[in-house]
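Right after this note come the structures.
First chain A sits with chain B, and in the next complex the same chain sits with chain C.
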Partner chain A sequence: MNAAWSLLMALAWRNLWRNPRRAAITAIVVAAGLFSVLTLDAMMQAWAQSSRDATLELLTGSGQIHAQGWLDDPVLDHRMPAPSPELSATLNAAPIGGWASRVTVPAVIQSEYKTLPLSLMGVDPASEARISTIPDMVVEGSYLTGPDDGEIVLGRHLLERLRTQLGRRVIVMAQAADGTLAQRGFVVAGVFAGNTAIEDGYAFTGQRTVQQMLGIGSDISEIAFRVPDNGQLGAAVTSLKAAAPELDVKPWTALSPMAAAMDSAMGSYVWIWLGIVFVLMAIGIVNTQLMAVFERVREFGLLMALGMKPRLILALVCVESALLVGLGVAVGFVASAALTWGLSGGVDLGGLAQGAEYFGGSRMLYPHFDMALSLREAALIWALGVLVALWPAARAARANPVEAMSHET
Partner chain B sequence: MPETVLPDRLRRALLMLPLAVVLGAGPVLAAPDATALLRAAFNNWRATSSATTMTMTIHRPDWERHSTMQSWTQGTDKALVRFTDPPGDAGNATLKIGNDTWVFNPKLNQVIKLPASMLAQSWMGSDFSYDDLAKSDDVLTLYTHRIIGTGQSGGHTVYTVEAVPKPGAPVVWGKLTAQVRDDGVFLGETYFDQGMQPVRTMTVDRLSQMGGRIYPAVLTMRPVSPAGQWTRVETTQASFDISLPAYTFTRSNLQNPRN
Partner chain C sequence: MKPDTQVSPIVRCRGVTKVYRVGAVDVPALSGIDLDLAPGDFATLAGPSGSGKTTLLNMIGGLDRPTSGTVEIDGQEVTALSSGARAALRLHRIGFVFQAYNLVPVLSALENVALTLQLLGVGPAERAERARVALDEVGIGALADRRPAYLSGGQQQRVAVARALVTRPVIVLADEPTANLDSTNADGLIGLMSDLNRASGTTFLISSHDARVIDRSRRHIEVVDGKVVSDDRR
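Showing the complex of A and B:
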C-alpha cells in the first residue's frame, strides 16, 4: 500500500507539471478565491467589531439596568433609586470593568434661533469616562468637571443647528418629577464629535444638576456597565439580576438589536461569499482536470494495460487535484494571512468613513486573522475542490484499455 | 398697583416741571429708574385687564395674509386670543394661564395643550411667538435693566433701556433693548442673540388714544433674517381695566365661546 502511495504521489506530482501554465492558472484561481474569502472574512469581522464597539462604547456599554418599564417609555416616572449596596457590590466586582449611573430625560433645547428635542443626560464624568468614549470625543472646550457641573456638553451638529457656540447660553426644558416644567439656562462648556445621531440626540451635564432641576433627589434613570470580556456578559447579567431582582437588567444584544443583528449577519455573509467563490473555482478545477484527463487517455489505457487497477487511476487523478487545489489553498492562505497581519495596525476608511459612520462604524478598521476559522474555511475549500475533481477522475478510471491505446493522442 | 404707577409717574413729572423750568434744562427726568420705566410701559400696554380687537398682517416676500382676532388679558399671566376672520381661521383660539398654554382648533374640535417648548415657536405662522402673544413679563422678572440712551420725540424724552438676563435665567437672548417714552409709553424693542447681533425688532408704528390711554396701536415685528418678512398687529378697539367674567380664561370658554 505504501509503495502504491509513493508511486501515486510521484506520478501525480510529475503529471501536475505536465502543463505548468494550466496548473499555475488553476492554482492561482484557487489561491485568489480563498484569498478573497479569508480577507473578506477578516475585514467583515473587523467591521462588525468596530461597529459593535462604536455602538457600545459610545453610550450603551455592555449592558444597562433600568427600572421596569423604562425601556418602553423612557420618562421620569420610570426612574429608579441610586444602586443599593448589594447592587453596587456586584457592579464593582469582576467581570464588570466599569459602570456609571445616569439621569436621562426627554428634553427640549432652545437657542435664540431654534428649539430642538433631545435627551438630556446627567452624568458623573469620572465614572462616565470608564464606560463611554464621549468624554474623549470633545473637540472644542472641555468635558464636564464633576457631577455638580452646571454647564453643558453638546454635539457638534446640534451646535450648528442651534446656531450657538461655545460659551453661549442655551435653555433646556424638561418635565420635572412633580409634572411642572423645569427649565434652566446652561452655558455650553464643550462640543463633542461623534456620529450625527448621537450628536443631535444627547446633551450632557452634571448628574446632580439634573437631579436638582427635576427634583428627584438622588434617583437615577439608568446604570450602564461594561464587561471587557464579551464571553462573561451572560454571567454578569445573571449576577446583576440576582442582586437587583426588581430592576430590568439587559445585555447590549437586547438594547441594540440592530448592532446584534449586524454582528451575526457579518458571520453569515462570509459563508455566502465562500459558496459563490467555490462555484467559480469548481468550474475552473473541473475544466482543467477534464482537459488533463482527455489529453492522457492513451496514458491511462497503457497504465491499465500494464495492470493498474481503475481504483488507482481514480486515486491518481484525485491526488493530482488535491495537490493542485492544495497548492492554491496554501498560496491563498499565506497571502491572506500576510495581508491581514500587515493591516492589523488599522485600516483607515478615509473617504468611506462618512458612510461607515452612518452605520455606526468607526473610521478605523482593525482586521484580525482568525486562525481557527481560516483553517476551517481553507480545509473546506480544499475538500470541496477534491470532491469536484472526482468527476474527471471517474472518467479517467472508466477508460477502456483497448480503445484508449488506439486513441489519437 | 399697576393702576397707580402711571399717575404716580405723571405726578412726579408734574412736580418736577417747575424745577425743570427753574434750571432751564428741559426734561430733567435725568435718571429715571430703568426697571420702573419698563414696568410703567408694560402696565400701560397690558393694564390689569384688557379686551382688544386686532387685525394681523403676516407679510412674506411672495404673499400676505390678513386676519382679525379678539383678545382678553388679565394680570400678567392670563390671556385668551380668538380669531374671528378669515372664516377659515375663525374660532382658532389660544389660552395662556401662567406657564400653561392651550390651543383650540375648531376643525379638529380639539383642545391641545402646548408643551412649553413650543412657546418660543411661531404663533399662527406669524413672526410672533406664543410668548409674545401673552405679553409675558419675563423682561421684567428675568432681566436687569439700565438706561443706555435718551432721545427726543414729539416733545417727549425717549429712553432706551437695555435689559440683560440675570445670571442663570432661562433666557436665550443676549440682551434686549426697549424704547420707552418718559410717560411710560412703549415704542419698540430689539432682541439680540448672545453674539449681540440683533435677531428681531419690534417697532411701534402708531400711537393712538385708546381706552383712556396712549396705546401702541400698530406694532410690527421684523426678524433680521430672512429679510423682507414681517408681521403687523393693529389694535382697532381696546378697553382696559375692565372686569372680565371668571369664565373668560377657562378651557370651556376656549372651546365654546360664551361672548
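Showing the complex of A and C:
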C-alpha cells in the first residue's frame, strides 16, 4: 500500500504542474479566499473586542451585583448592604481583576436655566478607576478625589444643555430613604466627554456624600466587577453567586443584550464570508479538476489497463486536489498570519475614529491571530476543497479503459 | 522456446461474441471465437480493419467483457470478474503494449517501467533494479531518466515492452505495436519481442497487419468479420 501511495503522491504532484498557469490560478484563488477569511476574522474579532471593551469599560464592567429587584425597578428601596467579608474575599480573588461599589439613584439636576433627569452615581474614585474609563475621560477640571468628595462631575453635553459651566453650582434632587425629597448643591468640579448617552445620563459625586444625602448609611446600589479574561467570566459569576446567594449577579451579556448580540453577530459574519469563499473556491476547484480529468481520459484508461484499480484513480484525483488546495491554504494561512502579526501592535483607524466611536468601537484595533481557530478554518477549507474534487475524481474512476484509451482529446 | 501444446493453455476462448449497440442497431464485432494460446506462443492476430482484432485482444486482456462466451487466462475465468478483480488480473498476469499513448508523460522511462511494480507493492530498491534490467534488455538502459517527450516513437515502444515484461506476466498482448514506427524501428521492435519470447518463454499475442510482424511469428491467426478463419502454426 505504501508503494501505491508513494506512486500516487509522485503522479499527483507532477500532474499538478502539467498546466502550471491553471494550477497557480486555482491555488491563488484558494489562498486569497482563506487569506480574506482569516484576516477578516482577526479584524472582526479585534473590532468586537474593541466595541465590547469600549462598552463595558464605561460603566457596565464585566458584570454587576444588585439586590433582587433592582434591575427591574432601580430605586432606593432595592438597595443592598456593603459587601460581606465573604463577598469581598471573592471579589478580591482571581479571576476578578477589580471591582467598585456604587450608589445610583434616579434624580433631577437643576441649573439656573434648566432641570433635567439623570442618574446620580456616588462612587469611590480609587476603585472606580480600576473598572471604568470615565475618570480618564475628564476634559475640563478634574475627577473626584475621594468618597467624601462633595463636588460633582458632569458630561459635556449635559453641561451645555443645563447652560452652566465648570465651577458653577447645580442642585440635585432625589428621593431619600425616608421618602422625603433630598436635595443638595454641588459645585461642578469636572467635565467628561464620552458618548452622548453617558454624558446626558449620569452625574458622579463621592459615594459617602450620596449615602449621607439619601440617609442610607453604608448601603449601596450595585457592585460592578471586571474579569480581564472574558473566558473566565462564567466561573467568576458562579463563585460570586455562591458567595452572595441572596443577591442578583449578572454577567455583561445579560446586562447589555445589544452588546452581546453584536458580539455574536461578528462571528456570524465570518462564517457567512467563509461560506461565500467556499462556494467561489468550489466552483474553481471543480472546474480545474474536471478540465484536468477530461484532458487525461486516455491516461486514466492506460493506468487502468495496466492494472490500477478504480479506487486508486479516484484517490489520485483527490490527492491532486488535496495538494493543490493544500498549497493555496498554506499560502493563504502564512500570508494572513504574517499580516495579522504585523498589525498586532495596533491599527489606528485615524479618520474613521469618529465613525468607530459612533458604533461603540475605539480608535485603535489590536488584531490577534487565533492559531487554533485559524487552523480549524484552514482545515475546513482544505477538507471541503478535497470533498468537491470527489465529483471529477468519480468521473475519472468510472472510465472504461477501452473507451478511455480511444478517447480523442 | 517451442510452445508446448500438451499443457494447459494460457488463453482459452470459447464461443466469445461481442455485440456493440450503435444507436438502435446491433453491430457484431466478434461472432463465436474459439481460440487457445499455449505457453510460449508467439502469435499474430491479423485481419482487415474492423475485423475484430482489437476487440478480441480487449476480451483476452480483461479490458472489456464479451456479450457471451468465456475467456480464461492461465486457468482463471475472466468474464465473471468485477472491474477491480480484472484490474488485479491484468496487473499480475498480463502485459500490454498499445499502438500509441503507451507511457505516462510525467514519469521517466525508468518510472514508467517501475509503475506496475509499484502497483504490485514491490519495494523501491527492487523495483528500480528490475526496471533498470528490463530497460537494458530492450536496449535503452542509457535513456532511463528521460521522459516520454524526449524519446522517439521506437524508444517509447521499447519502454512499453520493458514495462509489459517487468512483472513477468504469463502473456503479453500487443495491439498494432509497429503501426506508428518507421521500418527500422519496427524491425527492431519485432526482433526484440521475438528474442524476448524465445529467451523468457512468455506468450505473445500481437495484433497486426504488418507483414514483417507476421513473417516473424510462429503462429498466424486470421480474423475476418469477427471469426477466426485460419490458424496456422509454422
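The rule is short, and it goes like this: the second predicted complex is superposed on the first by the 388 of 409 C-alpha atoms of A that agree within 3 Å, B and C clash if a C-alpha of one lies under 4 Å from a C-alpha of the other, contacts with A are read in each partner's own complex, and residues count from 1 in each chain.
FYI, a residue touches a chain if its C-beta (ideal position, glycine included) is under 8 Å from a C-beta of that chain, and two chains touch if they have at least 3 such contacts.
Just so it is clear, the structure is predicted and the values come from calculations on it, not from any experiment.
*Asks:* Based on the superposed arrangement, let me know which partner A:169 touches: chain B (first), chain C (second), both, or neither?
*Replies:* After superposing on A, A:169 lies in contact with chain B but is clear of chain C.
*Asks:* Which partner reaches more residues of chain A, chain B or chain C?
*Replies:* C
*Asks:* First (chain B), second (chain C), both or neither: which does A:112 touch?
*Replies:* Only chain B; A:112 stays clear of chain C.
*Asks:* First (chain B), second (chain C), both or neither: which does A:7 touch?
*Replies:* A:7 contacts chain C only, not chain B.
*Asks:* Looking at A:376 after the superposition, I want to know if it touches chain B, chain C, both of them or none. Which is it: first, second, both, neither?
*Replies:* neither
*Asks:* Return first, second, both or neither, reflecting whether A:298 touches chain B, chain C, both chains, or no partner chain.
*Replies:* The second partner, chain C, only.
*Asks:* Just which bits of chain A does chain B share with chain C as contact spots?
*Replies:* none
*Asks:* State the interface residues of chain B toward chain A in the complex, per the touch definition above.
*Replies:* Residues of chain B touching chain A: 99, 115-118, 120-121, 165, 168-174, 191, 193-195, 199.
*Asks:* Which stretch or stretches of chain A touch chain C in the complex?
*Replies:* 1-4, 6-7, 10-11, 14-15, 18, 298-299, 302-312, 400-402, 405
*Asks:* Can you list the chain A residues touching chain B in their complex?
*Replies:* 108, 110-113, 115, 117, 163-165, 168-171, 173, 180-181, 183-185
*Asks:* If you look only at chain C, which of its residues touch chain A in the complex?
*Replies:* 58, 61, 63-64, 83-84, 87-88, 90-92, 96, 98, 101-102, 104-107, 111, 115-116, 118-124, 127, 163
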